[in-house]
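Each of the next two complexes has subunit A plus one other chain: subunit B in the first, subunit C in the second.
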Partner chain A sequence: MIADDDEKWLADDIAAVKQNAFYMQRAIDSNNLKDALKFSAQMLSELRTSKLSPHKYYELYMRVFNELGTLEIFFKEETGRGCSIAELYELVQHAGNILPRLYLLCTIGSVYIKSKDVTTTDILKDLVEMCRAVQHPLRGLFLRSYLAQVTRDKLPSIGSELAGDGDAQMNALEFVLQNFTEMNKLWVRMQHQGSSREKEKREKERNELRDLVGKNLHVLSQLEGVDLGIYRDTVLPRILEQVVNCKDELAQCYLMDCIIQVFPDDFHLQTLDVLLGACPQLQPSVDIKTVLSGLMERLSNYAASSVEALPNFLQVEAFSKFNYAIGKVVEAQVDLPAAGSVTLYLFLLNFTLHVYSDRLDYVDQVLGSCVTQLAATGKLCDDKAAKQIVAFLSAPLEKYNNVVTILKLTNYPRVMEYLDHETNKAMTIIIVQSVLKNNTHIATADEVDALFELAKGLIKDFDGTIDNEIDEEDFQEEQNFVARLVHKLYSDDPEEMSKIIFTVRKHILTGGPKRLPLTIPPLVFSALKLIRRLRGGDENPFGDDASATPKRILQLLSETVEALSDVSAPDLALRLYLQCAQAANDCELETVTYEFFTKAYLLYEEEISDSKAQVTALRLIIGTLQRMRIFNVENRDILTHKATGYSARLLRKPDQCRAVYECAHLFWTDECEKLKDGERVVLCLKRAQRIADTVQKMTNASRGTSSTGSVALYVELLNKYLYFLEKGNTEVTGDTIKSLAELIRSETKKVESGAESFINSTLRYIEFQRQQDGGMSEKYEKIKMEWFE
Partner chain B sequence: MNFLLGAFKPACNISITFTDGKNRKQVPIKKDNGQIVMNPLFQSQETIAGKIHIDPYQGKKVEHNGVKVELLGQIEMYFDRGNFYDFTSLVRELDVPGEIYERKTYPFEFSSVEMPYETYNGVNVRLKYVLKVTVTRGYAGSIVEYQDFVVRNYVPPPPINNSIKMEVGIEDCLHIEFEYNKSKYHLKDVILGKIYFLLVRIKIKNMDLEIRRRESTGAGANTHVETETLAKFELMDGAPVRGESIPVRVFLSPYDLTPTHTNINNKFSVKYYLNLVLVDEEDRRYFKQQEITLYRLKEEAS
Partner chain C sequence: MVLVLALGDLHVPHRAADLPPKFKSMLVPGKIQHIICTGNLCIKEIHDYLKTICPDLHIVRGEFDEDARYPENKTLTIGQFKLGLCHGHQVIPWGDLDSLAMLQRQLGVDILVTGHTHQFTAYKHEGGVVINPGSATGAYSSINQDVNPSFVLMDIDGFRAVVYVYELIDGEVKVDKIEFKKPPTSNSAP
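Take a look at the complex of A and B:
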């Protein structure tokens, strides 16, 4: 409905404008000044309407504007025909209605200025002053906009022929400034008229009109001869005064942006403190972030675009000014949400990173300011703020792509302290990912210390908060990052590396039972790597007091792994002990190795209760022990004895059997002649066979429900025999093998064993070896089986 | 037909010419019937001289008891129409009784005539100057011819001419301060001034400045006052806020104004007022009227 009315009114008004324009044109064609004035005034009267929305009014205005162009030319011609322009200037003021009168006055005024009859200044002053008479916001805005439009190309500037002197130029400036001020007042006033119900609509309408006001600033920026001095001393303070005093959100926001966009970069740079000084004085509701970000973005681009500009940035201390200003803004705007202030700092940070990429101290200062701010608000809780702060903290990471640089920022961890732990964790992951992605080389213990201090969120639980809702998978993923991070820490200097390990350990041990199983292994392996490196180098390059001796590290590892056993991850602890033992063995540290084994055994005995786990653990123990070279006979005996003992005590017979025949390997080491004890090997195998026999009996007893187990065990045993036979164990006799083979044959005849293919391939293997030339066939000669006949 | 017409025609044609008639400025005067005619312009202390031609119609002779010319200053009240009050009356005898056979010309001169009042055409009163030529005849009735002329008197600019400055208002509603640069304006003058809004609590729609003429006629109980608005000049569009100052610039030349006349021959007065009117959105009017004095300044240029 309303829109329809709007259309209708507009149509009516346009029709009237057209009609009067037609008559005016006719009067102009016949050089009838009086009628031309009369009809132009009538035409202009259509602009007196209050019915139209700004949008429609603009349409109407444009119609009239086009017609006024004709009138202006006519006035010009008229002055050529001897009608004095001063007379015309008076004549148009006889119009009874103010709005047509002032439009006409502006039109003739522009001709007057061009005619050079009078000083431009006087006319400009008069026009801008007279326009005060229109106090209706919409009509006033358009009138003044018209004034700005028609005088725009006629403003005196230095070097222009219209310029009387420097004064004139100053006055042109004054003119534009005053026009701007008045327009802004009108514009702001629109907001306060009419009912509060339509506030939103009005705001929208006002927004449509903002460019009318902003245009003045554009004109100012185009005004020739406005140099830095004038801008600093006159233009900017005047504009800002208006902006601040109007106390209007929309206007302040728009105009600040306008200022930033229309004036040159170096002006901004040189007047930063003035411009920024205005910011805290703006209304609290003004979105100051946008304003400042616009400014900083512009200056960043400016800095990026020209190298020569950079010294200026330093000279004017742009950074500290921004920093100070933002502090002030935050201080002034009490209600500013945390997200807002963080965003501000984010922009500052981005700016700093762009312009002063080499000034870490600045970056740190920004962080510091942010901390101060956060200290006032406390921990961040809302999502928006958290998001902003993550962006804030990520910015330097992205810029430098190097965590080591970040670690130099003392305030960085302090900011992180204000994050809630969700965010903190997220942030930590970002940091860690950065390390991983960029292959950042973190090579000193101090850095590592700082990094882990930073990554606390991942490494340990937060005080008193135990949330059970953590998704297990996520948690694993997070800890995975930590583990990967540990592997990234590397220093070429073993001394330093060991320090790193000490540091990492210190942090990791705080992780609590859930984390330790996931974080300790990488640490251990990293340490073992170091040990291997040390071993590879000179015996001990550091002298005895150095910390980086394998012994010390192993000592440390021993303590570290012990932590694992406390958190009920005995399997893992056991594996790690064995790994350490191996390393110790390689370093020829017998007692240490022994100790590790003792610990492993202890774990096995006390902690590992699950039978399957026992099997696995035992295998590992046997495997590791088999590789040990440094033990003296006594120690070795103790250990092997124990291992064999464990084997025999396994819960399930097949497991026992297997473990026992694995134990046979403990008595046979290829490389070392003195560790070849054929007798005991065979003893073990025999014992295994006996267990297999028991299994077989049990199977037979419960026939029907059969398991394939025992035959397979026999075949496995057969293979073991073959292995040792090949290795040259003289205790392994053809008879033993033969009888075993017989046994297998008879068993397979009795029952479908399910192990046929295993048997067959074993047999094929024997056959194959027999056919071979050289020593191997000789060894196999001993085996004569009817099977093959 | 022609003959018959001729019988009722006056016996002669009388015409009056002024000595410097060709060069003298003519000004438009509105006559009773609404017609506008141009009349010569004089001012006080001028000598009014010229010639009177008496032209008998063909073949006729005019017998008369004497010819005279009178200069009359008259005030006519409209409620008493047709009854003139002569405040000035000068007579020149032009001829002794006799007969006129052919065109005869009489020069005449009223030297340095005192004409204190200006010609004025008001709503209820008219002041006019006229030359009256009478050819006196006994039986056929006298032949009379009139020639109007206009008198305007110029005065020097007043030595004291204070501005008009005043603060007015309605308590807690509207307070304004207005200023007009002078209290006495000549007829082609410009009123300059400003209106300063000290307090605005009403929604003003617009503000006009009216020029009003107050013509009072008669005296005592019979005084009759007529006020007319000669000009309505919009000063402001829209609602100002506190602290706004609105400029005033009104050119008086387009309006049909006369000088202020005070108690002309005890018959009438003409006064002028500036009426500042503020209209609010409910079309209520708030106004303040101030008298100004208008005077006629010698136009230098013309």
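Take a look at the complex of A and C:
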């Protein structure tokens, strides 16, 4: 197996290196220059191998490199002992093979530079030229890498003690540039070695070596004297020249990225034209998106971290340059999948949001470019692209945290058009969540209109088709978002608020039967709040027919709640009618209030058939009616009569009894003398008692079953009598109460009723009231009686 | 020391988007031992949210609640107090103290917690104490014109109950407290 052989060869080579190094070290220790050179040359010969993979070769190289360090020190000591550099140079030339010779020359050369005997320039020039003799890609790369490593600390770089003059800096620059150029050529040549079947393997191997080449760029960035001017005039053009001319995809990708990462951001900003201009010249297979997105991301971060740099962005017109460049790329790459182009635009958008956050027109432009691109590809079907678009649309949301700003972007809804239905809804929910989280208040009808247009995926069915697959719970959760959103729509101006309500209604009514029960309630309550506000304010003397009045809004609500009856939500509709009735009552609109009651009653009669639902609905009717003050006698009578009728016709007797005695309250309004009809109160209570009697009979008949119901009813009635007694109802006589009490007492003697504690607490209450001063005890005198346990 | 959170009438999402942020930041999970809720949440999301604050959640049915399975009323014992819970739309006239007193006698409880009016009240009468925690979201009410968000926290320690009411007025949370003691004899009211 090749891999095993590789290991074996490496092991052999390392052994040989070790051995020669040992002898070399021995020679060094005895100051034997000749032998030192001999053994070092032998050691270096191991690097002549062609058999190793780059990975293994690197290992071998490192071993040798470490040993060469010792040699370098020895050379330096030798020069101290009188051996001149020139002599050393001479001696080294005798090494048999070119590769060892060159390594030794580089080593000595670096000693030479440090000694400052000869000008650095000449040595560097010599060395970089001489290395040309090795054209084998792998060996050449490592040789030049060695050259770079060993001269590194002898170049005038930032932070080093070697401050050079202008010339020295330029020469160092030239040296590194040339070394880089040669190394890149070698590296690219590796691609063409060997058979075409092994292409992938070669690319992998090349990737392992890429940092050797990239290192040079890093060194360049650290050189002293490489200011913006030099960078722009010399460094960048030379690098780009090599990058473009090498016509190698791997190299171009890597090196472009290297340039972007290694040189300062403000350099990039100032040379944007040049960088972007190189992009179209690269090989078609190069993924320009990565290059551009890398650059934009860096510059975004730059803008985010240093506010002082922002004006520069404007000055160099960074936005239009990027916009243009991206446009070109997208144009050129016809096969670019939707996800890819959206990603590019996403990066541009992020860039724009960071750098030009107040330029909504730029943001809108980016959105527009994306729309144009999407238009070419048609509606999206793949998840990846959909995800990218969601990220794309979320970016401005997160940046501005204000939906109202988003609504100003004319292209925003157009981008949303390209999402499939599910993703559209998901995006809408993200938008709504943003409103809720940031507590954004949307204050004009136009903005509301725009927002609900944007959210139409959630508000109504897609293209008229009903989505049958959706999970019930998920659907409700979605619609609850819409409901919550309604409460964030608010204007201080009642006229505007009224317009908002009309707008919301317009949109909600397109929602279809499943949505209405979830979206109509918040609309109703929002409107009721407005009505309360209008009541509090002054009547607008100049108001025309169209202006907001409680009456008009109530009319609207009446029609709106009616829509619920088409979708069989009668319980909800009844409750909403009663709420509206109360509001109408407070606005002193008698006819309107009566209308609402009529509707509620009709629903009760026709739609609410479940017994339990009837009990609750009736309670709400009675409770609401009890609070009405606006009715004339006739209307009041009609409604009350109906209510008591319903009460008596509930299915279960105990429910009947309770509902009837609750109706007693309809005949007694504490604050209003006119509405106190003591007689009819007592009539109700007596009627309730008769129903309780039938319950009692039924219980007695089926002895053995639990019989708590009837006694409890009597005690409740007793309490009600006491209530009206206290309120001053003269029709409540002592006899009535006493006989009821008697009844209770005799019933409880017969059997465990379960109502003992209620009875006791009632008795305790009676006693307590009797102790009170003034009028209360007088009233209770009437019902003084004996009661023994 | 047993902390009991009493709240209700949130009416989410019919009448309010959510609890006020200032309330939400106060209601930290793990601090409260019981929650008693007067009803009208109205949706499951709120039920789940309350459960995260405290798993021992007692709730009764309001007329707008989505879940029809909540009971009409409930009683439970905490410390030396018997508590009763009922939404209040069942008691007519709505908000009438004497009618509520009757319910209290009927349930046989020391403290009756009830809602519906969206108005905080805490008062003593012959039969015990009636507490209405108001509306935790400040939701619209046809009964009460001026609603501020409010809720109640009860600290029950044996025979003593301290009732803290938290009200959000003009953006600030105001706290008030009332104390009730129950005499140690079993039959009488506090």
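In this text, the second predicted complex is superposed on the first by the 490 of 789 C-alpha atoms of A that agree within 3 Å, B and C clash if a C-alpha of one lies under 4 Å from a C-alpha of the other, contacts with A are read in each partner's own complex, and residues count from 1 in each chain.
Keep this in mind: a residue touches a chain if its C-beta (ideal position, glycine included) is under 8 Å from a C-beta of that chain, and two chains touch if they have at least 3 such contacts.
Nothing here was measured: the structure is a model prediction, and the numbers come from that model.
Colleague: Just checking: does A:Thr405 make contact with subunit B only, subunit C only, both, or neither of them? Give me first, second, both or neither.
Modeller: A:Thr405 contacts neither subunit B nor subunit C.
Colleague: Given the superposition on chain A, which partner contacts more residues in subunit A: subunit B or subunit C?
Modeller: Tallying touched residues of subunit A, the top partner is C.
Colleague: Let me test your reading of the model: by the given contact rule, A:Gln93 touches which partner, first (subunit B), second (subunit C), both or neither?
Modeller: It touches subunit B, and subunit C stays clear.
Colleague: Given the touch rule stated above, what does A:Arg627 touch, subunit B (first), subunit C (second), both, or neither?
Modeller: The answer is second: A:Arg627 touches subunit C but not subunit B.
Colleague: Of the partners subunit B and subunit C, which touch A:Pro522 in the superposed model: first, second, both, neither?
Modeller: second
Colleague: Pick one for A:Thr70: touches subunit B only (first), subunit C only (second), both, or neither.
Modeller: A:Thr70: touches no partner chain.
Colleague: Using the touch rule from the top, collect the residues of subunit A that touch subunit C in their complex.
Modeller: My answer: residues 436, 439, 473, 476-477, 480, 483-488, 521-522, 525, 528-529, 532, 575, 579, 582-583, 586, 616, 619-620, 622-623, 626-627, 662, 665, 712, 715-716, 719-720, 723, 726, 757-758, 760-762, 764-765, 768-769.
Colleague: Quick check: in the complex, which residue numbers of subunit C touch subunit A?
Modeller: Within the complex, subunit C contacts subunit A at residues 11-18, 21, 43-45, 63-64, 89-90, 92-94, 98-99, 101-102, 105-106, 108, 126-127, 139-140, 142-143, 145, 187-189.
Colleague: Residues of subunit A touching subunit B in their complex?
Modeller: 48, 90, 93-94, 96-99, 101, 129-130, 132-137, 139-140, 185, 189, 193
Colleague: Where on subunit B does subunit A make contact in their complex?
Modeller: 204, 206, 231-241, 244-247, 249, 251, 253-254
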